[in-house]
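After this come two complexes, each holding subunit A, first together with subunit B and then together with subunit C.
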Partner chain A sequence: MAIFGLWVINKAGGLVYQRNFADGLAPLTSNEYLVLAGTLHGIHAITSRLSPSGSSSGVQIIEGETFKLNILLTATGTKFVLLTSLAETTADALLQKVYDIYSDAVMKNPFHTPEMPIRSEAFDTRVGTLIGSGQS
Partner chain B sequence: MTIHSLYIYDRHCTCVYYQDWHRTNRPKVAAEGGMLPAVCATIYPTSQQPEANAGTTLTFTSPRNTLTSTTGVVVAVSDSQQQPAPLLQANPTSVGTSSSGLPFDEEAKLVYGVVISLRNMIKKLAGRDESFVNYRTSGYKLHLFETQTGYKFVMLSDPKADSMRFILRQIYVGPFLEYVVRNPLVKMDSREQGIDNEYFRASVDRLIRGLSVFQ
Partner chain C sequence: MAYTQPHPRLSVVSTSSQSSDHLSPTNSSTRFSLPSAQSLHAAAASIKAGSNRPNIYDRPLNKSRGAEVSGSAFAFLFSEIVQYTQKRVSGINDLERQLNTLGYRIGTRVLELMFWRTEGSSKAPKREIRLLSVLTLVHTQVWKAVFGKAADGLERSVENPDEYMIIDNDPPIERHISVPKDFSSLSCSSFTAGIVEAVLDGLSFPARVTAHNTANPQFPNRTTILIKLEKSVLEREELLK
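Our next item is the complex of A and B:
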């Protein structure tokens, strides 16, 4: 049970927030994170078109052998991505709470420019207490 | 719980085999030259020779009907000239027109692109040689199994299904090795032909239909 990191991707596919919580994944440069976020954004769009029956949402969970990416797509197109270990079961609930905090600390902040990187201390600390407290 | 489709890609990024079971969004017939012959007969573009097989006695009615073979040769290879066999669909003639999905060649490329991108992403994030296993949307779940030789087995199943990796591996060690690798008539790695043949198709079909997740 571990939470490795959190990304927030804006509706254009740009990474506006990225934070690591636990070790276990490779440390990457901020440029590499930007590229990965862009890729994920594209993949998300394609996966909803590949549905074999009926309509489908975009990708929600991507699993590797030791970790997974949980993706929450909001109604406005912002994506919250939580990188966790495979055994983590609370990821969905955590993402919802992160979205709550985002609405409170970022969207209600008059100094925040939409779609731009999130530089809010309140968001940082509240996410830190939410996810930091869940860590063993 | 069900299984929708199976794609096999070789190391040259080309789709060499396709089979589907429960699919409502069926792919359209591929564009001319968009896919290799002997990948899946029902969606292979057929504009020529509409009555070519009308006079011949050898008409395939089912992938299991291998006893009609006039040669007596056990190993089988799918003939690109043969008329599309009504494999598992009730009405193969309506497949191309009634489906609302993408043409097959485009769909196959999208699936491959997604799988490769995710594989690279997982590898980069993990920082070691870790493979992508599956992803899930609200409508389906995609599973990947990759062999040492670069063949990629991709399966689309119900979103609630468990990991199908071992089943993809079973397809590899069972039907694939038996009817493709050990079949001298299959030109593997040729970039000109898929690996489809009646025995392989029937054997995969039997394996999948025998699973508890397949209903």
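Our next item is the complex of A and C:
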């Protein structure tokens, strides 16, 4: 049971927040993270159109052999992505709480520009206390 | 006499400047295009029927006494206030001054409403004239009226006898605000400082009020409202002793 990392992707597919919480993730440059986030955004857009019956919310979990990727899509198109171990069961609840913190500490902050990278100390601290401190 | 009206409303405004023959009953119907009295009544009735709530000025003032405001709604509103103000100023000092001015406009109303509610029905309404009771009034009653809780501390400056400090460990208006590092000296509580300044002014205790971040590890949002009283206040206080 471990939580590896958190990404926040804005509605245009740009990575606005990225933070690692546990060791074990491959080290990537910030540019590579941006590309991955953009790709995930594209995959999400495709999966949301593949549903055989009615509309679909798109991909919610992507599982690998050693980890899984949990995606929460909000009503406004912002995506919260949590990288966890396969055994992690609290990912959904955690994502919901991260969304709570995001709407409090980011959207109510007059110094945040929507769709731009998140530089809010309060968001950092509160996510840190929620998931556990890690390197940023 | 042929006369075309440029705009139906204009005819009403400019009657006095026009020659009297325009007022003849024959063409009055074209001149006065205001709705008839009957239709006005109908319109008023439909407005009333549409919303059962009376006009805000007609509602009893005490009704909203214990009313609560959504914290989120206020946070968004205040965030917009700060963004709006920030676009129209040239620096941090200017921004703080502008927020102070906005707060001042609220403070004058807060003072009046607060006294109306606490002293209005009393048989012997009283007014504070001593400095210390005025400061405690700001610290508890004004804070309760505005934020729903008393402030966390009232201190007197050790160095300057004309300076007092009101301390709030977690000011509600700053709860969701993270000031960027390059603005570190900015305190959005300047808004609160404006409210305090107006209240003190209204009580004839003119002062300069500013807000400062005095964060500590336990309370990262801790804010001090610094009150620098005018000399005349202290002189009067001496006489009252």
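Convention: the second predicted complex is superposed on the first by the 130 of 136 C-alpha atoms of A that agree within 3 Å, B and C clash if a C-alpha of one lies under 4 Å from a C-alpha of the other, contacts with A are read in each partner's own complex, and residues count from 1 in each chain.
Heads up, the rule we're going with is that a contact is a pair of C-beta atoms (placed from the backbone, for glycine too) under 8 Å apart; a residue touches a chain by one contact, two chains touch by 3 or more.
Remember, predicted model here, so these are calculated numbers, not experimental data.
Peer 1: Looking at the combined model built on subunit A, do subunit B and subunit C fit side by side or clash?
Peer 2: In the superposition, subunit B and subunit C stay clear of each other.
Peer 1: Once the shared chain is lined up, is A:Ser48 touching subunit B (first), subunit C (second), both, or neither of them?
Peer 2: So A:Ser48 only meets subunit B here.
Peer 1: So in the superposed three-chain picture, is A:Asp100 touching just subunit B, just subunit C, both, or none of them (first/second/both/neither)?
Peer 2: A:Asp100 contacts neither subunit B nor subunit C.
Peer 1: Would you check which partner chain A:Ile62 touches, where first means subunit B only, second means subunit C only, and both and neither mean what they say?
Peer 2: Touch partner of A:Ile62: subunit B, not subunit C.
Peer 1: With both complexes overlaid on chain A, does A:Leu36 touch subunit B (first), subunit C (second), both or neither?
Peer 2: first
Peer 1: Can you tell me whether subunit B or subunit C touches more residues on subunit A?
Peer 2: B
Peer 1: Looking at A:Ala122 after the superposition, I want to know if it touches subunit B, subunit C, both of them or none. Which is it: first, second, both, neither?
Peer 2: A:Ala122 sits against subunit C, while subunit B stays out of touch.
Peer 1: Taking the C-alpha centre of subunit A as the vertex, compute the angle to the C-alpha centres of subunit B and subunit C, in steps of 10 degrees.
Peer 2: For this superposition the angle at subunit A equals 140 degrees.
Peer 1: Applying the document's definition of touch, where does A:Leu28 land relative to subunit B and subunit C: first, second, both, or neither?
Peer 2: The answer is first: A:Leu28 touches subunit B but not subunit C.
Peer 1: Would you check which partner chain A:Lys108 touches, where first means subunit B only, second means subunit C only, and both and neither mean what they say?
Peer 2: Touch status of A:Lys108: second partner only.
Peer 1: Once both complexes sit on top of each other, what is the least C-alpha distance from subunit B to subunit C, rounded to whole angstrom?
Peer 2: 31
Peer 1: Taking the contacts subunit A makes with subunit B in one complex and with subunit C in the other, which residues are shared?
Peer 2: On subunit A, the subunit B and subunit C contacts do not overlap at all.
Peer 1: Quick check on the complex: what are the subunit C residues that touch subunit A?
Peer 2: Checking each residue of subunit C against subunit A gives 72, 75-76, 78-83, 86, 176-180, 183, 188, 220.
Peer 1: Can you list the subunit B residues touching subunit A in their complex?
Peer 2: Result: residues 4-5, 20, 22-25, 102, 107, 110-111, 113-114, 117-118, 121-122, 124-128, 130-140, 142, 156 of subunit B touch subunit A.
Peer 1: Going by the contact rule at the top, pick out the subunit A residues touching subunit C in the complex.
Peer 2: By the definition above, subunit A touches subunit C via 104-105, 107-111, 119-123, 125.
Peer 1: Could you pull out which subunit A residues touch subunit B in their complex?
Peer 2: 25-28, 32, 36, 39-40, 42-43, 46-67, 83
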